[in-house]
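Below you'll find the structure I mean.
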Amino acid sequence: MSFEPPFFQINYKLYPDTWGEDGLEFAKTAARVADEFGVDFVLSPQTADIRLVARETDLPILAQGMSPHEPGRGLGHILAESLREAGATGVMMNHPERRETAPELETKIRRCREVGLTSVVCVENYEFGKAVLEWDPDWVVFEQPELLGTTTSLNETDPEAVERFSELVAERNPRTNVFLGGGISSVADVEAALELADATGSASWISSDVPVEEREETLRAIAEVLAEA
Amino acid sequence: MSFEPPFFQINYKLYPDTWGEDGLEFAKTAARVADEFGVDFVLSPQTADIRLVARETDLPILAQGMSPHEPGRGLGHILAESLREAGATGVMMNHPERRETAPELETKIRRCREVGLTSVVCVENYEFGKAVLEWDPDWVVFEQPELLGTTTSLNETDPEAVERFSELVAERNPRTNVFLGGGISSVADVEAALELADATGSASWISSDVPVEEREETLRAIAEVLAEA
Amino acid sequence: MSFEPPFFQINYKLYPDTWGEDGLEFAKTAARVADEFGVDFVLSPQTADIRLVARETDLPILAQGMSPHEPGRGLGHILAESLREAGATGVMMNHPERRETAPELETKIRRCREVGLTSVVCVENYEFGKAVLEWDPDWVVFEQPELLGTTTSLNETDPEAVERFSELVAERNPRTNVFLGGGISSVADVEAALELADATGSASWISSDVPVEEREETLRAIAEVLAEA
Amino acid sequence: MSFEPPFFQINYKLYPDTWGEDGLEFAKTAARVADEFGVDFVLSPQTADIRLVARETDLPILAQGMSPHEPGRGLGHILAESLREAGATGVMMNHPERRETAPELETKIRRCREVGLTSVVCVENYEFGKAVLEWDPDWVVFEQPELLGTTTSLNETDPEAVERFSELVAERNPRTNVFLGGGISSVADVEAALELADATGSASWISSDVPVEEREETLRAIAEVLAEA
């Protein structure tokens, strides 16, 4: 269960045909393609499906979210330890669709470190990135909220911003990897993104716009790009 | 997988020795005792463990929480459909440790109805109960936030408040069941609670204060009370 | 400082030319027109401007928001008592741009009653209205979140929904008044809204789309409608 | 209206006898003592009272809170521009009693800079401080949430932590000042705090525990310490 660059994240979010048995099928398809091409897909199923997907495939799992809580009180929250034991490799945090308070974010990165989860923090601009790097996350996702769910990606609109961001990360915290997200909606986007960053991925495109019966074909095209990155 | 009164809820919250394999052991112990006494325990493991517990035991599962979202966008949220397919029977909502906005709460009760989950809504006072009953929840948990985690329960401090609340429910929405929570911390509390309400349960006592090796013994004592309720 | 139907609310929100001295000018213009036509405008300036507007005009002030807190701890929150003493007549709550948790909402309505403020609760659908009416608010604003900031109002898209909602209020809590909001963007909308409800108002139209120099003229046209309602 | 070290902040929070006319009296008392001793008190009245206090005294006002919003939509929020025009000098943010999301916090510091307000950011530990300093706030308040409202302050429990924190600030962002808060509840605490930091202040002690009729006497004792700091 490596979590090494380059990879492509298949972010299920809450899209139809991605939970329960459907999500498992999606995961198995991805695992088959990954195996054939010798590349890595990272899967982000819903919390209730992490164990199911982890048991049935070898791909790393990046949980969609987590709570900052320590073991103890707290109804309805998601404990780092429970994700780890269910089979997650890492956790996304600070996504525009689920913001955290600033002290929570610092705590979550620390909690991931404590329990052995990879921390993946969404960052929307250069200034915000500078602060987050002080907390030593494993990955930062550079992603502009306004591009989410669109077919326009940052590698198209502002590749210089991505380069400038990558330089910041390289200078401030070289061990941190850069993931480019937001608006990735074609194989060409994947290719362009992987030239600028260590990894990329998609939710609305791969989990929603691509019909279920074309998932494998699309994943194969992405795998070809990954194999050459 | 019934969800019929009377029952005792074993609320795991985030307490040590309640997630992953430890949580499964706890569930199996409860299932064994329930089977022996012919009573119902309802289990509330963490989200990532619902499928595991559902597959290995026959007890009904009351998920600790859920999001109001419809299928689609929304990273890190918990979809009603994913809980249902993982094996949950119902969902707790509006707990003091995880509040929802008022429109979210109305949406969640409706979403439960749509996907076939039992809605269980925490209510902290009479006035709030009157409003929640308009949304036709399956269960209301009458619970005072200040008693949570204590060893004092409402049946001790104010049994009249419980009776008055139960009368409200019976009059306004007779099909809704009443669950009495908050500070249940002994077998005597369970007995007193079940005289006033359709069900009861505990988190801090049963999942935390009772040592792992005494869980079975305590559950057996509770089962005896349930069998006579 | 009455707060009697019919009236038109001038909701400043955070729009340019509505705070500080600009907001006071706007208020004075409204007061002059209201006086001339013998009608009521209700003003919603920002919190920091309530006392300024209250001292310089006689129009009722409906605060944009409030916290559920009691006197005591709580940095950065807005106490009911402080709004009352600053000159507010009432408070808006549960607006889609500032949701509250369900227990907070019940508390806020009660706090308003305690300190002598008029409670004005935004409600987005019939089902939610049924619950809110149990808390005996003084006003309910029937407003669909998706129409906010548009030029389409509910009296155009679904007048039957408004009628059905008004009947609900009349039956369940006759003393509660109905305010129709969302997408009110012309004098014709004001007229149509006042045929269906006790009051109406606007934010984006009156405080933003109408140029500062045309505010008086527009308010005069609204006042004519109010005078005949 | 300077905001220069050293000073003592009188944080009203929502305590009784601190809003409206009572709050103004408190402010006038502080202004009189400050004037007599040639020292600075900084006042934090509630939002609705900022203009009142600013008009009647010369002391700098540190608003209790603000929203990250730009002018435009957003009901019930507090715009930076409205605070500035009402007479505020600066704004507190990220207080444990009113957390913000991480992107909001970065935005608020920037918004303060844009409109000419002093940004004062609460920071609860060393790691969090490192990140916040990247956003170039004017002041950081070093304060442990668990000491709030107690009579134990950090200068007593862990002066080394304060020194280490001050060194961090001096090294990373020398222009940023350090404010020491949390549990300041005696004149001796004020004295000790000012040896370790540029400023200090109190809410529960000065605005609540000290009886109204002893406010002046207590402020005079604090002013003596300030005059020698």
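First chain written, first letter: the chains are A, B, C and D, and each begins at residue 1.
Keep in mind that, in the parts below, a contact is a pair of C-beta atoms (placed from the backbone, for glycine too) under 8 Å apart; a residue touches a chain by one contact, two chains touch by 3 or more.
All figures in this text were calculated on a predicted structure; none of them were measured in a lab.
J.: Centre-to-centre on C-alpha atoms, which chain is most distant from chain D?
T.: Using the mean of the C-alpha atoms as each chain's centre, the farthest one from chain D is B.
J.: Roughly how far is chain A from chain B, going centre to centre by Cα mean, in whole Å?
T.: Computed value for the inter-centroid distance: 33 Å.
J.: Please report how many Å separate the Cα centroid of chain A from that of chain C, as a whole number.
T.: Comparing mean C-alpha positions, chain C is 43 Å from chain A.
J.: How far is the middle of chain B from the middle of chain C, if each middle is the mean of its Cα atoms, in Å?
T.: Chain B and chain C have C-alpha centres separated by 39 Å.
J.: Which residues of chain D are in contact with two or more other chains?
T.: Residues of chain D touching two or more partner chains: there are none.
J.: Please classify the inter-chain touch graph. Allowed labels: line, ring, star, complete, other.
T.: Shape = ring; chains linked end to end, path closes on itself.
J.: State which pairs of chains touch, listing all of them.
T.: A-B, A-D, B-C, C-D
J.: Would you tell me which residues of chain D are touching chain C in their complex?
T.: 11, 13-16, 19-21, 46-52, 64-65, 69-79, 81-83, 85-86, 88, 92, 95, 97-98, 148-149, 203-204, 208
J.: What part of chain B is in contact with chain C in the complex they form?
T.: Residues 94, 99-106, 110, 124-125, 127-128, 130-132, 134-135 of chain B touch chain C in their complex.
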